[in-house]
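Common to both upcoming complexes is chain A, partnered first by chain B, then by chain C.
On to the complex of A and B.
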């Protein structure tokens, strides 16, 4: 048993199982939420629900991030807003526009795309790690957050933090041999994949549904009973 | 063993003192002077001259006699032997004529059949406990060893017999070091490495497909000069040569850092010499000296010539993902059917739980009424 074997396990059978759990688990969660039921339109809609949903996405992506100060969430705690935003941006850049990750997508989806140079991805990864630590400290000292944080919230942070940190150290060839960190990185990713459907990290999918449903409600322009 | 020292033999062949020193320099270089054993300090203290490494080698060549070598070829392709014949410094000619005496080598020896086998037995007896056993190719113990037999004897028998009297074993090439191609899935012959069978002898793995000839000559030179094997890593490979990855020493590394990748073998990136990572290069996890020592006398190595590293000095490299698939790509992924079944299971479980919940709610409401 050496690190090559661990790596083969983490990149091979464990990854496969983790991905299957992820797919099955996310579908389960989605079905459960959809079957909770929809509220009926009691009053005829004056506007288009589809346009409303569309507008809601555009505002969320193109407008609010650039004028955050008009939002209440920002006024109340700018740190969370900015750190949270940077975290999600960093995660997107690293996972989608990093070369190594694109190759994973390519092997799964069958097609690839252009990626960013390593230094840019690398800085974004560093920023992501730093803001994760900031958000962790914030959660530790903010009295309200402390009250509503259970084990699941701390595990969320840990399970996202581990792949980020192992990936960063691996890219920089620090302290350990490459295959050791590669193994740890893949093990952390596999654990995260299994954890996502069980946790609120599943918001990466539900976000789009709730955004669409809220947008449709806004677009309806009907008097609610 | 030969009574004459190496120096005396060379002198007898008419080599000058200058040639001898040149040869000593080549041997010292082959050992890899960055990682000399602890003796270095003592020699340094004793000798005020800066070229103490060379003088140590010279002294060894002056006093020691040639090293007997028995070379076994089992489930192999003779590629490592072929590569060795192209060794540059010292050349195989130099090595065979001056440093070692090859007592048995199926491909190189003039004798064949029973004659050759007799010569091997005689050498094993004469040099018992002194010879270096070189193994090329994997061993096949499956089904009583019937998949690889030489002269009617199984590869396991031949290896055990030769290993018993060896001072040390050099497993050259990926096949003998880690199982190599014969061990690749589904491994029909049950191929194993030398390390998996022989537990009681010092073994050095010179992994590679083929092994870099200069690494082989370096290890032999080290054994001759210092009387011991060089420092090894956790996979029994000499650290001097396997201390860095191909990626660490790659001449295309700056392009990796800059995110400039060749996307096919004939695009603009490939012509510009950009990084081959996206074409499946396994350089980051491959420990070998290709990028620094190079091949054919320092002329080039695969990545320099435009081909991604296959990772041939690492265990299980044949099963370590497609040669042209990115290294980060998973080794195993669910098929569409498997993913569909997982999704269907999710739907069934979700609907089931939702229906059960609703029924429970209804019955609770019913009871309230």
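On to the complex of A and C.
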């Protein structure tokens, strides 16, 4: 097999199709949810819904994912909670603040931004891979996760893990030829892009719904969300 | 055909509110650790995410493309009659609808209200635990799950007025405020009625009781039945309209407050111009405005702690008032349990659980978390503003043979009024 051809395909037509499926799929899901209809809330509020929603987002983004003891609840496995936070932070750093990915964004959006030095991004990528393995093991042994995990949950982990690992090996020029790794990386990315709208990885979009609902529900009662 | 009824209810109830939150769930399982029933028993089926499994499956299979495909391919299973019976036990016996899980969910999913939707489906299908249903039916027929009929109510109120020498105005037209007690207070904590009457009289409130609106408890809301929730609310609103009051005060009852203050407006026509509030909110107002004065340090001889009720504090918003009051009554001895306020741990008796005999073992198990919390602050007295919690505390203190005094906040206030 000629890897140059595979690479051309994976970063050319296949990537375009995958991107189209991703965007189209997410828009479809967004529109469908909005069109399901929303009841007007007629309950007289005690506090402000907007302030509640604002606080809910602020807490969610800034404090929550990294400090399990904020809620005095996760005494048994705070590590898993921190792992979840680190995983998302790592994804953000690698995907948005890594130079290579920023250039991809630039080619798609037409503008770029300042990025972090490679060693930092590299370390974050390594951390992300390690916490993914931790989260995988946790899903294997935690009784609740065993109960609620079906094929889709395992595929979620696999399809996010593959681009991370191939990307990491690629930047370190390990074991395989660069073209081979680059091809595998791009194929993994394409598969992931197609998988997202079909799966719960799409939660990054519904996050804005659920967090706003939560904040408004608490804000209206004048309770800290 | 129960499964069909359940599914149809879910489909009817599913709008953007339910669907967007179901879509947001990442199946991370973090909510489990917030649930006192899961923490107490370690049973993964008690995790909040599993309690909405029926709703999630129904949603996916009826609304989403991938769900339909999975169902056709046999990857997803249809909801069967056995499923419905199985989940009925879980969502009624092992959930107090305390909504603590929504506090820890990284996506902020309002699991309590979603579990209420599950109960709504099950209740329409008639798959409600027998004990709870018996109480609901009793409320439909007699007007009260604890048998507070017209005669019982009148006799009881006369007796309270005599015994504690308080004035209990009855059916006073043109009064400002209608006070509605819960049957738990009427039958089990009558001293609470006397205490609240004393406070209202002291504050110069123009208040009244109503024979028509004699009972605020809403077992239809526990059950999740829209029709019966409205029926019981309507009785109170009818009584209020007959007397032309401007305000309805719900006393120390949590679920009833949630139903009346935070739910009724969205499910029925609530008479205009009537404010609905809770006795704790009203007492806070009295203290702040100086309408009543409390003896400072009246409870300064032993450690006092406050138990936050899920429906009055976390879901009701009356978090500050009890603390302001306790800081006057017990400035030196008031100690907070941890976690507290909106993050507090549920007592384990709410949501109708205490009415179901079969749930007794897990109800006691869940209370052990509360015992732990109380022991850590060395509490000699625990105060709360919900009779349902108080019923659970009183029962459990006896069951575990604890040396802790259980008290209602209103009673403490009434006992320390400055003449």
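Miscellaneous remarks
The rule we apply is simple: the second predicted complex is superposed on the first by the 211 of 225 C-alpha atoms of A that agree within 3 Å, B and C clash if a C-alpha of one lies under 4 Å from a C-alpha of the other, contacts with A are read in each partner's own complex, and residues count from 1 in each chain.
Quick note on the criterion: a contact is a pair of C-beta atoms (placed from the backbone, for glycine too) under 8 Å apart; a residue touches a chain by one contact, two chains touch by 3 or more.
This one's a predicted model, so the numbers in the text were calculated from it and none came from an experiment.
Legend: residue contacts after superposition of the two complexes on their common chain; A:174 is shown touching neither chain B nor chain C.
When the two structures are aligned on the shared chain, A:44 is found in touch with chain C, with no touch to chain B.
For chain A, the partner touching the most residues, choosing from chain B and chain C, is C. Once the two complexes are overlaid on the shared chain, A:213 sits against chain C while remaining clear of chain B. In the superposed pair of complexes, A:81 makes contact with chain C only, with no contact to chain B. Legend: residue contacts after superposition of the two complexes on their common chain; A:99 is shown touching chain B, with no touch to chain C. When the two structures are aligned on the shared chain, A:108 is found in touch with chain B, with no touch to chain C.
In the superposed model, A:143 lies in contact with chain C only, and not with chain B. Of the two partner chains, chain B and chain C are each touched by A:29.
Comparing the two interfaces of chain A, the one with chain B and the one with chain C have residues 29, 32, 36 in common. Residues of chain B touching chain A in their complex: 234-235, 245, 247-248, 256-261, 277-278, 284-285, 314-316, 319-321, 325-334, 338-339, 342-343, 345-347, 349-351, 353-354.
Every residue of chain C that touches chain A in the complex is listed here, in rising order: 14-17, 19-21, 23-30, 32-34, 38, 42, 44-45, 47, 49-50, 53, 63, 66, 75, 102-110, 113, 261-263, 265-266, 313-317, 319, 338-339, 341-343.
Across the interface of their complex, chain C is touched by residues 29, 32-34, 36-39, 41-44, 46-47, 56, 60, 64-65, 71-74, 76, 81, 84, 142-151, 153, 198, 200, 202-203, 206-207, 209-211, 213-215, 217-218, 221-225 of chain A.
Residue ranges on chain A touching chain B, taken from their complex, read 2, 4, 7-8, 11-13, 15-16, 19-21, 23-32, 35-36, 99-101, 103-104, 106-108, 115-121, 173, 178-179, 182.
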